[in-house]
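Note that the chains are named A, B and C in the order they appear, and that numbering of residues resets to 1 at the start of each chain.
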């Protein structure tokens, strides 16, 4: 950013332009389908993948930037999905009102978990969020009046600005929201707030000495993460139009974790790429290969371990990682390396 | 309270400070005070409690007993013990750590910018979310300030490297640069010369003197390198087992019987 | 009154299961400095192994169990050697993510190796019960309670009275110092993972007759064991055991005395525990410490 760039570089290196181009590429998909070049199912898979990207981006703010692990992402996403289905179907609220409530309720809960997190030493947080996720799962299973239990809660394509969306319309909405989320997250994290979260993760002592209120920024991180998970949940339930309790369990939360570890901690494009690896690949590629489908969990686990150990910056940085391994100059540091105090226990 | 901060020139007054861990009295009834514009040294053998004193001043530890009064940026006298850790900086006290505390994966520039965190008062989270003009101007201003601090210490050309990838000497300077960002009244340095070679130590002495002058500030430092301490400190307190041995000028400390005993074998 | 007593008595059986599960978590925690999220999966996987030996190979329970213990021991060794050892330089959160990767691998392997059907697990003692102070309890439950206590006493003895135990404790206190003293921390860690595997299997064997052997049957036990460890302060073996019995009793009381307790008992218990830990983050027995900077 400090080097002099020529005009051409200045244009293609402009992050906003890049986001827009990505958005336009995704938006082309329904047209390609109409031309018979891709299957209808593919569009749905990619729409869902974008939805998962939004939730995973939330987890990336929490884990990647702030170093706070959460195993409850799926639970919060599910809660928002059920809320939106309940408000629009059972209570017949307009989509907008329902949207606001469905974002607000899980986010408030997420902030409460953030408050709890203040008291838990970092590594116990995983356990606390695991328990929270389990509590939510239990609620989804048991509270039939709210979730319709195992028969599933149904929802419709929404009506916005007086326009009734169909499946393709909903896909466009997802693309637009994804790109807006990318831009906002990029802006939010590229400056002071991003540095404060980084400081909290990298050295809590330094953060406090530099006037950063760990309390405030943990709440912001939890709030942002649950808000994005909730947004993803609402989009999901109005795109797939049904929600079952079994979707929102620990395996999905692990998928989000795999996405950001494999795609890249603290990277927006990494999160997108990770989502494609975890969701789109297994839907579009692995299912075509005999036996492979049965091993998708194994593959995910192996990838998580390999990436954490050897490519800790994820796919987003695989090329520069490789160059670093081959090259002499050490210009990168492992993002999850232990500090002195960790090793003594 | 009555006899605390009675002189206009007093910046920090430490009175009867005590803290214990389990049975161990790490700091024991310690008192000394620092005047504005001084370079003040705190010395003592390993485990004497020097870092613990710093941690009490900056509220990383809450002392068991004692008073800590500070004349803050606004000129008011505040009791530091009533503050949460993160609010010590805004009073005008900034510190470095004995074991360098940097965010290893972030660039050196970003690390220094973290030191400016509280200076962004006027930009809100919403300014950041929508990348308003105010935010962009503020960011530009701070980057310029950070680069000035880096240039001041001669490491501006490293600014885009991750902090953790640099040698120890550079990392120490990054920490120092970070303290300069918050317009501090008192800079607390915990063993700034540890791990530096002889040439770097001489450089450091010069830099500390220049910082006092150009940033118009006061410096309190812990250091084992006696040459450095004797050369730049206006006054020195020597402690052992958490207790004060002596306070005075370099010459007075060097001549002190108790200090010599505590440093038995170490050249003082 | 006798109903109340009966609840307490039956809670001891579940307490033993939780205690074994939480001991294996602490054992790994003290030597590898991470919370092993895969522990429940290790239990599930090796219990499946035993159940498969019984059903497919027709082995008697005792033989299958002994083979299962060897299997669990080796599984623990293997996980440590292949993965955990390489992660020694990672931050605690990095290691946690690694254990989640292990969880995913084991969960994915299970149906491929042992099939997709749930299996029945016979009890150690198939039938018969006795009366104590007006309530009846099965011989099997008594055996489980006894087995739990026996394992704990053995572990206590090994940790505090033998050389191997000393090596484990020094590793837990301070790994670099332990290495300087000539302790092979690698070996200690490997055995900790192996023994943790065996304890988990035992927990799985005790728990599976209550439900069936399935990929999910250890999930609740794993979470409860984690919470028991937190309740006990997450540092001492004693704390984890005490936490386990307290939670088992509390859980049974909630299920019986709460309206719709069987449905909502579990989430309410979790909420109560999280609330308690918010008030006392170092648990019942953990010591508060000031972080050095």
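We adopt the following convention: a residue touches a chain if its C-beta (ideal position, glycine included) is under 8 Å from a C-beta of that chain, and two chains touch if they have at least 3 such contacts.
Note that this is a predicted model, so its numbers are computed, not measured.
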item	value
Most centrally placed chain - per-chain CA mean versus overall CA mean	A
Taking each chain's C-alpha mean as its centre, the one farthest from subunit A	B
Between the pairs A-B and A-C, the one where more C-beta pairs touch	A-C
Centre-to-centre distance between subunit C and subunit B (centres being mean Cα positions), rounded to whole Å	47
Averaged-CA centre spacing for the pair subunit B and subunit A, given as whole angstrom	40
Rounded Å distance, subunit A centre to subunit C centre (Cα mean)	32
Of all residues in subunit C, the ones touching two or more other chains	293
In subunit B, residues with contacts to at least two other chains	60, 97, 99, 101
Touching two or more other chains - residues of subunit A	205, 337
Subunit A residues within the subunit C interface of the complex	63, 67, 69, 71, 116, 119-124, 126-128, 130-132, 134-135, 138-139, 142, 205, 250-251, 254, 257-258, 261, 294-305, 308-309, 312, 334, 336-339, 341-345
Touching residues (chain side subunit A, partner subunit B) in the complex	2, 184, 187-188, 191-193, 195-196, 198-199, 201-203, 205-214, 220, 330-333, 335, 337, 340
Interfacial residue positions of subunit C with respect to subunit A in the complex	30, 33-35, 37, 83, 86-94, 96-98, 100-109, 111-112, 172-176, 219-220, 223, 226-227, 229-230, 234, 263-264, 266-267, 270-271, 273-274, 277-278, 281, 291-293
List of subunit B residues in touch with subunit A within their complex	58, 60, 84-90, 94-95, 97, 99, 101-106, 110, 113-115, 117-118, 120, 123, 125, 128-131, 135, 139, 160-162, 164-165, 178, 182
